[in-house]
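In the two complexes that follow, chain A is the common piece, with chain B as its partner first and chain C second.
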Partner chain A sequence: MIPYIVFNLMQVVVVLLCAPLASGVLSRMKEIVQSKQGPSIFQPYRDLWKLFHKDEIVSEESSWIFRFTPYVVFATPIMVTLLIPVLTNYPLFFAFMGDMIAGGFILSLGGFFSTLAAIDTANPYGPMGASRTRMVGFLSEPVFMIVFFTVSFVAGSTIPYIVQEKWVTPLVFFVTPSHVLLMLAFLMLILAEGGRIPVDNPTGHFELAMIDESKSLEYSGRGFALIKWGGHMKFFVLMCIFLNVLLTPWGLAADQTLGAVLLAVPKVLLKVFIFLVVIVVIESQLSKLRLFRIAEFLGAAFVTSVAAVIAQVF
Partner chain B sequence: MNDTINQLLDNLNALVTGLFLLTAFGIVAMRQARGVLSLFIVQSLLLAASAALLGLRHHAESLFGVALVNLISKPMIVPWLLRKTSPSEIYTRREVSQVLSIPAALLIALALAILAYFFALPISNAVAPEFRGPNVPIGVAGLLIGAFTLTVRREALPLLVGLLVMENGAFLSGISISRNLPFLVELAIATDGLIIVFISGILIRTVQRRVGSTAVGELANLKEVSAESLEGRAIK
Partner chain C sequence: MSPIGLLLATALSVCVAGALAGIVVPSPRVPALSAWAGSLASVLLLLAGGWILLEGQSFRADLWAIYGWGTLTLSLDRLSAFFLFVAGLVMLAVSIFSAGYLKRYVGRYSLKALNAWYLLLLASVALILVANDVLLFLAAWEAMTILSYLLVNFEHRREESSRAGYLLLAMSEAGFMAGVLALLFLSVHAGSMGFSALRAAGLDLGPLARWTVFLLTFFGFGVKAGLVPLNSWLPRAHPVAPGNISVALSGVIVNLGIYGIARVNLDLLPIASVLPGLIVLLFGTLSALLGVLYANIEHDLKALLAHHTVEQMGIVFIGLGAGIVFVAAGFPVLASVAFLASLYHMANHSFFKGLLFLSAASVDAAVGAKNIDRLGGLIKRMPWTALFFLVGAVALVALPPFNGFVSEWLIIQSLLRSAELSFVGAVAAKIVFILAGAGLALATALALSCFVKAFAMTFLGMGRSEDVRGAREASRTMVVGMGILALLCLLFGVLPTYVIPLLDGAIQPLTGASAVGALVPAFFASNPAHDTVPTGIAEGFPQLGAQIGQSFLPGRGLVVLHPGGTGNPVVFAMSTSYMVLVLVGLLLLTYVLVRVVLTRGRKSTRRRRWDGGVRSLRPEMTYTATGFSNPVKVIFEAVFRPTTVQDTREMAAEHFRSAILRERVTVHVVDRWFVQPVKGAAMRVANRLAAMHHGRINAYAAYVLVAMLLVIAVGFAIETAGGP
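Our next item is the complex of A and B:
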């Protein structure tokens, strides 16, 4: 019992510490592809450090939601981390507290609060970004549901620890059409939810074109740091679900020893790194879609996921 | 061991047909004429791969013939013929006006794909168990989606590709039902398709020269023009 709790908390620590690194590596690689020098891969840590030491300014007009939101945004990825396999392939202490659908709900809770907070201050750009994020969210949620339902239909469970074995035992199952199509749909979802390029430009500084970023424009100091850190972690958690549950459930610790779990950390980071390279390739190939083309992008993801369902059911 | 390999081949074939379905959706959703054509090339390659995998799985030599014919005729000769016959500027054109918006068209194509499974059910039930597989329903889905493309597109080249997608779909279900199609029939079908492409390409070129556009959706009314005034006036 005790080791399970310890390992579960270790997962949280790994996500907390490595999530900014993943974002730093991603932006550095993108800059290199664009023939630029780019900031150091540790820049997100420096940003967080700087922001934590700055004063926070809160508008007098804002309500408690504005003050409460950074904590929700910071806490929700951590709660999801407790439920999903980050380092181990056996269920840990909190694994049966909630399934993948609960994880989706918890993540969207953070999105819900940041949307409310963006509207709260009546900054003209905040509500615009908030309504756009909601649009992306409305369109991507059906895809999330269909992906989860197909996965649970195949595995007979929605607990991610049980699901991860099903697609690779025996290995032949890896190339079943429903698996490959689901992975494609989920990859498109990660791009949409993570605010990556065909949907949103994470490095853009033009307020009218922002989708995800403009929600946190009013924040400063510690609140902004928490929101940024939460954003890094959300992206990292989504990648962990994709890699450890759907795509490559290898390299996770199978033994219940501290050494095995520690050894799983570099393996997982290596997988994340390879996936980041893929994302850099995708992002460098495509250009950002116009706002109303996002519906087409997510419509394609929806069609892909439904094709996975009909390939599985019939 | 043999079982594992057979299972792998079955799964790979299912994957290839799944991707085939995805390219059919892509052809419905794609705006650029060039993108539609390259998706069609990918789809034909997938069809050839499916034929080769089925040939390996069931030790049927004639399916390799199908794969070879498909590999040569559609991905190579069709684009070449089109490039020779139709004017090059239609490749760069982007279809601005469509009958339906792209998400709506995709949803209808999705409904057609689900319908196709019900249409294919009697066929699957009628043949022996070893002939059942994802090929028949997905082939029927390709057929229906191709026909649907024909109704919603307004640009000449995507229309032609819709026709070819129908043929691809029919082929995909055909190769799984009959293992020993005479090679002559294969060649005849392949040549037929090429002739369709050739004639359509010339037709597109003529329409383009006369009207100055290949947006077929705008050619709404027929107009009788006497032979001598044909030179000076545009038909619209």
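Our next item is the complex of A and C:
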């Protein structure tokens, strides 16, 4: 039992420590593609360090919701980390606590509070971002559900540890139409939920065009640090689900030894790096969509996922 | 007399006595009387229901025989007991809340009438649930409908109350007629009015008769549950009733619609084909989607909640439909899971919707406004009400660890289990399940948007009108009433493994299979052999944390888990009990680490918010609910089809326009496509018939003669044919 607890905590530590790095690598690579030098890949850590050492300013109008939210936004991705395979391909101590659907609901708990906090400040731009985030949220939810249906039809289960092996045994299953379509749909979901181009621009500085960013405009100091860190972790967790469960369930530790689990860390990071390159290519090729064109983007994701599930049912 | 009989009899007598006593007690004392009598009766009903649920022994009693109609009988089996239990819990909270709330009506409307109707409504609800024959059931149902009308029309000087009341009465009576037809048809077939005779005689009915009964009862009783397309009355009638009555309507009366459908279609005449199940599933999905869409564009707090009732009942119907399909396809265990999820959600809906309506009533009582565009910033003036509304909202939008999450998660899981369907044409059924699942997901996400709007625009930010500034926290009884329901939302959320076995007792007689083994494996069994946990799971699971607490907690375990086969040992698993511990632990740990270790000594100061550079940011300039829900309005414009009535222009000079007022009217899609055509057709028929009324006495005498001859001829024909 003890190793299972230790490995589970190691997953949390890996997500905590590597999530800002992934964001740093992503922005650095994007800058390089744009022929700029860009900040160091460790910049997100420096930002967090700086924010933790600053005083905090809170809006007069705000209530306990505003002060409570950073902790929820920070805690929910960690909870999901306890449920999913980050390093191992066998279930760990807390694996029974929820399946993929429960994980989705846990993440939306954080989202719910961050939208509330955006309105709590009485800042004019907060509610705008909240309203737009919800638009992206409710458009992507049906796609998530169809993905779960496809997964459930293939694996007969929604537990990520059980699902991960089914897509690639035998290896031919990897290129079945439903799997390919499903990967495409989920990729579009990650772009939308992670606030990447073409849905949202995480590096934008123009309040009227912001979606996700404008929710945290009023935050400063430690609150802002927690929100930022939580955001990095949420993106990292989504990538882990995509890479370790749906797309490439290789490279995870199969043995219950510390060495095997430690060895899985660079392998998983390599997979994340390759995926980040793909995202950089996508982000550099596309431009941000107009707000109400996002409905078309996610509509396309929905049609793709429905095609995937129908290919699976027949 | 058995203890259950005594409890029921006392509860009914308390209701009647309270209603009568209200006539002699002076008006200012009536709220207290209402609260005491209502709470006492609710507790008694709650005890009766809880007893049956725990003991499992059904209660039966014959009342008296009515010549020509058979005997009136009462029975409380575990299905009714569960509904009674839920109704008792909700009504207890409402009754306590009423003590403080009703004071606002003193001197304005007749509290004596309100007290009488309220207590009699409680009695009629209990009677419907314990009735064991058609006559008593229908009589109690009719009493319940009329009392709901009287309560909705309580503030009778307001025109919208009267209009909503009449609409309620008309649609409920139409549905009631359908129910009467179906039940009388079954009674004629059985030759008796008793439910047990109906059950026995139903076995040899043909498919046509079964379809007729199903359609009549599904849509007939569905009216009470706000099933689309029979929902137009609900969002109009529920909000105009007094706050405590809205809870009774949305938390208790809607459940009776489910009860009627379940009693007839799952118990008296069990459905044995797939198609009715798919129909239920389809209409459930439609209700869920349309309910939540209209909730999003609604800005009256109570009407918004009423639209959500339509949505939540749709989700309950989705579970019911899935269960019916599983029964027909020969998966009794999965059917039990689906029915259980559905009834669980119905109970949860009663709690969180009751809580939300109570908080809305509290806001309404404190501010005097229900339009959320005019509210804001109330969290500082009404902290308890705000907290309770937040709990209700989190529960309704199915976020862990509250109760709505558990039941909605179970409903989603039972939809996902459609993977196991394998009859001819199962592919089509699966696609219906998938679309229902996608619809459910969209509805849930839209509900989340809607409650972000409802909570944030009411309680957060700046107050957007003068009324808000004078608001004060609700009185103590009101807070206690809300607190009870908030606690129930939490308990039913974090302790699902204790609720599921209770509910299973109510479901088991319907499907013949228990869902406990399929949902709550005995992780806490002291027997090391794990008699009910499959070996594949029993071997792997000691490594995981599912047995924490085994030594000191009673019951089977704290994990909801569905075991599968060899390839997939676990189909789904979830535990809100452990989840809440981990979440609280993580939050505390983060707090301590950040506050004490990482940022000790850092100051936190309060300043004005950043206002984007304008000279002064006034409350009117901040985002409103209308703006917040605009994306929904734009994206689903094909459903809403708003029409612009007229633009009012304000001119400062001839060519200088200073303001345009644009009014847009949205007619509910159900009204547009269903209610108005039906109403139009009825009016056309009535107009034709009106031609008969031309005022000539001779002609009227002729009508009478013709009618009499017709009756005689028909009677004679039946007599010679040897009819009944």
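Keep this in mind: the second predicted complex is superposed on the first by the 314 of 314 C-alpha atoms of A that agree within 3 Å, B and C clash if a C-alpha of one lies under 4 Å from a C-alpha of the other, contacts with A are read in each partner's own complex, and residues count from 1 in each chain.
Note that in this section contacts are C-beta pairs under 8 Å (C-beta built on N, C-alpha and C of every residue); 3 or more make two chains touch, one makes a residue touch a chain.
As the structure is a computational prediction, the values presented were derived from the model and not from experiment.
Novice: For the combined arrangement obtained by superposing on chain A, do chain B and chain C clash, or do they fit?
Specialist: Chain B/chain C on chain A - fit side by side.
Novice: Of chain B and chain C, which one touches more residues of chain A?
Specialist: C
Novice: Which partner chains sit in contact with A:F74 here, chain B, chain C, both or neither? Use first/second/both/neither.
Specialist: second
Novice: By the touch definition at the top of the document, which applies to A:L181: first (chain B), second (chain C), both, or neither?
Specialist: The first partner, chain B, only.
Novice: Would you sort A:V172 into first (chain B), second (chain C), both or neither based on which partner it touches?
Specialist: Touch partner of A:V172: chain B, not chain C.
Novice: Looking at the overlay, does A:W250 come into contact with chain B only (first), chain C only (second), both, or neither?
Specialist: neither
Novice: In the overlay, answer first, second, both or neither for which of chain B and chain C A:A295 touches.
Specialist: Both partners, chain B and chain C.
Novice: Could you tell me if A:I310 is touching chain B, chain C, both of them or neither one (first, second, both, neither)?
Specialist: The answer is both, since A:I310 touches chain B and chain C.
Novice: To be precise, I mean the smallest distance between any C-alpha of chain B and any C-alpha of chain C in the superposed model; what is it in Å?
Specialist: For chain B and chain C in the superposition, the minimum C-alpha gap reads 8 Å.
Novice: Where on chain A do the contacts with chain B and the contacts with chain C coincide?
Specialist: Common interface on chain A, chain B vs chain C: 295, 302, 306, 310, 314.
Novice: Residues of chain A touching chain C in their complex?
Specialist: 1, 4-5, 52-65, 71-72, 74-75, 78-79, 82, 91-99, 101-102, 105-106, 108-109, 112, 115-116, 119-128, 130-132, 134-135, 137-142, 144-146, 148-149, 152-153, 155-159, 162, 166, 207, 217-218, 221-222, 226, 291-292, 295, 302, 306, 309-310, 313-314
Novice: Spell out the residues on chain B that touch chain A in their complex, using ranges where they run on.
Specialist: 4, 7-8, 11-12, 14-15, 17-19, 21-22, 25-26, 29, 102-103, 106-107, 109-110, 113-114, 117, 134, 137
Novice: Under the stated contact criterion, what part of chain C meets chain A in this complex?
Specialist: Residues in contact with chain A: 377, 379-380, 394, 397-400, 405, 409, 412-413, 415-417, 419, 427, 430-431, 433-434, 437-442, 444-446, 448-449, 452, 455-457, 459-462, 540-546, 559, 561, 564-565, 567-575, 578-579, 582-583, 586-587, 590-591, 594-595, 598-599, 602-612, 617, 621-623, 627-632, 634-635.
Novice: Give every residue of chain A touching chain B within the complex, in rising order.
Specialist: Chain A reaches chain B through residues 170, 172-173, 175-178, 180-181, 184, 295-296, 299-300, 302-304, 306-308, 310-311, 314.
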